[in-house]
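In what follows, chain A forms one complex with chain B and a second complex with chain C.
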Partner chain A sequence: MSDQGASLHESSVEAVKRKAEQKSSVLLLLLKNKVLVALLLLCLFFSTATEQFLRIDNILNIFLQSAIMGVVAIGMTYVIITAGIDLGVGSVVAVSGMFIAGMVQSGMPLIVAVLVGLLAGTLSGMINGFFITRCNMAPFIVTLGMMAAARSVTLVYSDAQTISVYKDPTLQFLRMGQIAGIPVMILITVVMFLAAHYVLSNTVFGRHVYAIGSNKKAAELSGINVKRVQMMVYVIAGTLAGLGGLMMTARLGSGTPLAGSNLELMAIAAVVIGGTSLSGGRGTIFGTLVGVLLINVLNTGMNLMNISSHYQGLIMGIVIIFAALIDSVSNKKAG
Partner chain B sequence: MEKAALLKMTGISKTFPGVKALDNVDFSINEGEVVGLLGENGAGKSTLMKILSGIYTPDSGDIWLEGKKIVLRGTKHSQRAGISIIHQELNLLPHLTVAENIYIHSLPRKGFSLDKKRLFLDAERLLGELGFEINPKAIVDDLTVGTQQMVEIAKALSFQSKVIIMDEPTSAITEQETAKLFEIIRSLKEKGIAIIYISHRMEEIYEICDRVVVLRDGCNAGGGLSKELKPDQIVGMLVGRELTQIFPKRQGRVSQEVVLEIKNLGRKGVFENISFQLHKGEILGFSGLMGSGRTELMESIFGVEPISSGEIWIDGKQKKVRSTRDTISQGFALVPEDRRQHGMIGNFSVTHNITLATLKRFAGRFRKVSARREREAADRHISELRIKSPHGGTVITNLSGGNQQKVIIAKWLESKPRILILDEPTRGIDIGAKSEIYQIIQQLAAQGTSIIMISSELPEVIGMSDRILVMADGRITGEFTREEVTPEKIMLCATKGGEV
Partner chain C sequence: MKKIISLLTAFALVGLLAACSSGQSTETGGTSGSAPSDNNASAGAETGKLKIGMSNSILSIDFFVALKQGVEQGAEKNGFELIHTNANGDAAKQVSDIEDMIQKGVNVIIVNPQDVDAIVPAIEKANQAGIPVIALDRGASAGTLLSFLETDNVEMGRKAADYIAEKLKERHGDYVGNVVELQGLLGSTAARDRGKGFNEQIEQKYPNIKIIARQAADFNQEKALNVMTNILQANPQIDAVFGHNDDNTVGAANAIDQAGRFKPLEDKEHIIIIGIDGTRQAVQAIKDGRIDATISQVPIEMGEMAVDYVKQALIDKKQVEAHTYTRNFLVTKENVDTEKLWATELKSN
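Presenting the complex of A and B:
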């Protein structure tokens, strides 16, 4: 009897404990993700400050805006976790978007155009990877070169003109189509985020990415093929930039020579806001998602509030620095 | 005659989340005294010294300097009060000159610019007073570790330090440099400077320390004048038990089967003409001075650095070794000398460090790594190697040095190596963990693993190895069996290669 009583008592204590743990795990999630809290506060602020913010079309618009930056930022997250950087992705978005537009306009089948666009991204990643891994060059300078070169290729290919492909039905579907009420563009991005998260946090490759960013020499001495993993992250970043180019061309209905300008910098900002360390070894795909949304919520909110575009850069700059500050302060405490 | 203590710490306690690092510890040192601070890793030595150098604030307890009670706020404050610390990993700026490093805290200025003339003159004068033959204009990176250490000492004295803490100063320097260091310590002593000397090497304690203070599990565990203490008494204080024999008895017999044969291996300017055989289940010791090419040789055999001549034969077949992947797949494993820089992934957990080299084996469908199987493997090693860690999810940097080393060894045990190369496997590790690591090595050899062990500690290499090769200046200069070897024979061969 007393035994049973004791075990009953124990189990009820455990149940209470578990409940407390569940409660605190939500709290813990918020505490751990201070940037997520910042994002929610920002949403709260805009939804009280403007009437349009919470409207479904505005929310969809925020997600649409986030789609291209999100895809590019995924690749950037991989690169930055290996302690690298890719400054070329904005220009690669432009070049692959322009290739796709140009080929569609000249009557080639869309599938070929898309493949060429994606492959252009992949190739740019391979070129970056080659110089970084085989010639031991600094990622910053190699990808800075890629940034200039790819932009130039875009201008040469298009003769600095916009190439309109507004009427292509498949691109229209990408632009406006919906599956189960969700825009295709958003679906693509969500799938990419899920896949990227899976690979980074569950696979051997993902673990190797973290290991290299944290201690390259120890990774090499543990038999990890450091050069191959590094090559892979730049190829992933380039290919995703190619996909970003496809999405950009679909969204705008044209290839434009200045597409994706500054996109690499916004993607880096989103990744860092999301808690990925520029010195490598630390970061998550979920954090990057939060970072991308934060930037786009702020952009959209400021437009809704009719804040002069002259001030928008200032506010964005302050928010980026503060978001990164939150992260660095909370890390210091943890360490 | 009883002098008032120069520095006195009383009732120091410090608690970190989950660990009581120091519990009511007392410590004192007199002018011109050298006190050896001993303790296994995790005993609280470094916490105590970090309190003294202003990095940590104690939860309770007082610090008295020259009879005055002081509260240390930060490292700069501690330096100004006259307490300097020379860390095991030297804290110099490698690309600056010696003079700039010495005076980095208060560079002389002329208007807005650096007063280079005065800087070099000051440095030259200081180095001269100390009798150090170092060019103040030399770039620190170009100096040997031993000379860099002298620069650190000069830097400490530029603060007018009264107390200098030396954290394992001899762990990375040659015998000659150690002798020189001891000379310097003796002359500092004459100047009335007090030195707190942290080391794991018993001979050094006896040679240089007037008195020892032993910490164990965050408490005072004893101490006394070093000339009145016997080594086993000190070891008893350290581990809390009498440790008669730290080298375990050799089990099993070495077979005649050759698993690895190196023929005339060379790497330009680093080592040349290296030939040796390694048998199944053998412990082959590599002795020699720092810089004799032992580490570089092993790196080449393991596939990290390319060779320029010679052949590597594994199981009677010649193999091309191009990368660590090649050798690891042949059953090689290497526990590197520099645990922090080359051994562990600092922000990985214990579990993830253990599975790093064999991760593919834990992957299932869609290359998904099974967290459960990883945990099981890690837990098995944690209990078998008695790794002291709260659980497998603990970040490796939170472990003591000895336990970090066991994690690195566990990483390679998971790959079930046939040839295990250990480069200074017990450097900077306390005696308790050392003896455990020796047991692990012996067990592996008894099970048929062939082991190459580089060690600069003569008792270790003599006590552990079946056969010993000595290297000097990139060549093998001697070979001895366990029966015929003596420390003198090794030293003779180690210094054969000419000047070091």
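Presenting the complex of A and C:
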């Protein structure tokens, strides 16, 4: 039907097209994720400023330090997409971590202790969800109450003492163990991110989460069980905070009464940096991952550069605001 | 257009950091005594300069700032490079800080642990990396330390008991009187050991001195003010107050003032006040005659001594003491102006 010259011409055009597409898809990814660009630039900067930054050891170090914040931020992403907030997760990390440490120390099998720790997180989420959905209370105030209450339970349970469990072999494995050269804690976090991404973007539940956040009334009218979905997101956030508690206790080799202080705020910052809107309806798990990494890259980078700790908070604050600004500017364009 | 703006913002963000860091590098260059143009962190290692990593638990309390200053002075004296982090009271951040130091390739770590248990994983990591660790003020419940320097809290408690007893004897002719004990943060080793030394000494040597009130004031001035106000209301006759630290006694002195119970040092009704630490506020209050005494520690000396140990162990290849009690001494109106005190040596930022 077509002569050789024409087909040759056609195929070369296709190849060029494909190449262009590939190029533009990378470009598109970068343009779509300007915070990712900021993260990459930050990495580029630190790798020229310090010779240790780009080493595999250090990259694993950064991922390891991102693990707990990452797991907590996943739950926070779900909550914030429904236009909610969860200020209690930092304290829940402490309480579940302390339960696990206390029970392991008293000789209970680790599996029981871990289940209790995770259930404590789940229960905290159910309590949050109950007041928010059944009593129509503002998430901010309910979870603020949880923040105070869970911290207090931690202090009561432990008598404000640190409970050391660093000798427990399974916790030791969680802390130092590696599978194929990758620390276990990173693997757990990666699995959580993949699962959370799948659920949010490929399931009915995920679509409902977005629907509630963009327009609660419309979601209700279209037959979505809004209360059930809201309850679920707080339960997810609480349970993941419970997992965060397990990871915290493993990482510190002990349950400490002040564990997870301010963690909820850093998690919220990571989620917002990652492009999730505080007014709900918009956001991705991938964005949250980028946000978490940005914060931890900055922490480690500043330490490697030996920037005075007096300035570190200032720089972190400015970067958080600028990173959120990037998203807000590009979002205006889209909307 | 908006795309460009947001990308520019990303660049600005990095530029800002670069600006901050270049400002910082000249600053540290000045204090560490290295060349101001030394922007490359590896330059020190290449020239064989010893690199110390110091991890502070918190820097909002003068005592810990003084530890840092001591290490800084020691490093400067010996020409060592110093990398410094502050965990802001967060045990998890302290572990991350020490991991970062290990990545940075420091030769030795000096740590003031936030928590003796939660620091263990960080010490283990340093042990695995073959980096020796020296602990200041608080130790570690496991892991291997090259050395541990602290003040003997039990001894300081005993000294406070002796001071109060002698003052009461001057006043009453015998070891008798009513004493208030304001405890530190319950659960902290400092509160436990200072209380232990004080109470054992009173029970064994001065059985006729009565502890009429014993309350936790949490090393906190405001709490001490409130607790002491209540104690003053409940007890018309109080001869002396022992505070587990100077914040407790500064708060107690304010409470006594506000209750209208303050009498000058020479007066028979004067409430004797003694604390521990030797902070700026306490030293000033001793000069002003509002507080009788404090038992001063030597945190700057402790920091300098740690760096001396680093030199002995890593450069001179000598054995160092595994455990050291640094000095403590009584400060009163008599010696407050002549004695060398960390509170007055501390640089004000």
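Keep this in mind: the second predicted complex is superposed on the first by the 320 of 335 C-alpha atoms of A that agree within 3 Å, B and C clash if a C-alpha of one lies under 4 Å from a C-alpha of the other, contacts with A are read in each partner's own complex, and residues count from 1 in each chain.
Please note the rule applied: a contact is a pair of C-beta atoms (placed from the backbone, for glycine too) under 8 Å apart; a residue touches a chain by one contact, two chains touch by 3 or more.
Keep in mind that this is a model prediction, so the values were computed, not measured.
Asker: Put chain B and chain C onto chain A via the superposition and say whether they clash or fit.
Answerer: Chain B/chain C on chain A - fit side by side.
Asker: Is A:Leu325 contacted by the first partner chain B, the second partner chain C, both or neither?
Answerer: In the superposition, A:Leu325 touches chain C alone.
Asker: Tell me which partner A:Ser152 touches in the superposition: chain B (first), chain C (second), both or neither.
Answerer: After superposition on chain A, A:Ser152 lies in contact with neither partner.
Asker: Please indicate which partner A:Arg207 is in contact with in the superposed arrangement: first for chain B, second for chain C, both, or neither.
Answerer: first
Asker: Applying the document's definition of touch, where does A:Leu221 land relative to chain B and chain C: first, second, both, or neither?
Answerer: A:Leu221 contacts chain B only, not chain C.
Asker: Quick one: classify A:Asp57 as touching chain B (first), chain C (second), both or neither.
Answerer: The second partner, chain C, only.
Asker: Using the superposed model, determine the angle chain B, chain A, chain C defined by their C-alpha centres, to the nearest 10 degrees.
Answerer: About 130 degrees, rounded to the nearest 10.
Asker: Applying the touch criterion given at the start, work out whether A:Thr300 contacts chain B, chain C, both or neither, answering first, second, both or neither.
Answerer: second
Asker: Using the superposition described at the top, determine whether chain B or chain C touches more residues of chain A.
Answerer: C
Asker: Quick one: is A:Arg175 in contact with chain B, with chain C, with both, or with neither? Answer first, second, both or neither.
Answerer: second
Asker: What is the minimum C-alpha distance, in Å, between chain B and chain C after the two complexes are superposed on chain A?
Answerer: 14
Asker: Do any residues of chain A touch both chain B and chain C, and if so, which are they?
Answerer: none
Asker: If we count contacts the way the header does, which residues on chain B are in touch with chain A in the complex?
Answerer: 302, 304, 323-325, 328, 334, 336, 341-348, 352, 356-357, 359-360, 363, 366-369, 411
Asker: Once bound in the complex, which stretches of chain A touch chain C?
Answerer: By the definition above, chain A touches chain C via 31, 34-35, 37-38, 41-42, 44-45, 49-52, 55, 57-58, 61, 64-65, 68, 159-164, 166-167, 175-176, 248, 251-254, 256, 258-262, 299-300, 303-312, 315, 318-319, 322-323, 325-327, 329-330, 332-333.
Asker: What does chain A use to touch chain B in their complex?
Answerer: My answer: residues 198, 202-205, 207-208, 210-211, 214-215, 217-225, 281-282.
Asker: Would you mind writing out the residues of chain C in touch with chain A in their complex?
Answerer: 2-3, 5-7, 9-14, 16-18, 20-21, 24-25, 27-28, 39-42, 56, 59, 83-86, 88-92, 95-97, 99-101, 103-105, 115-118, 120-121, 124, 141-142, 186-187, 349
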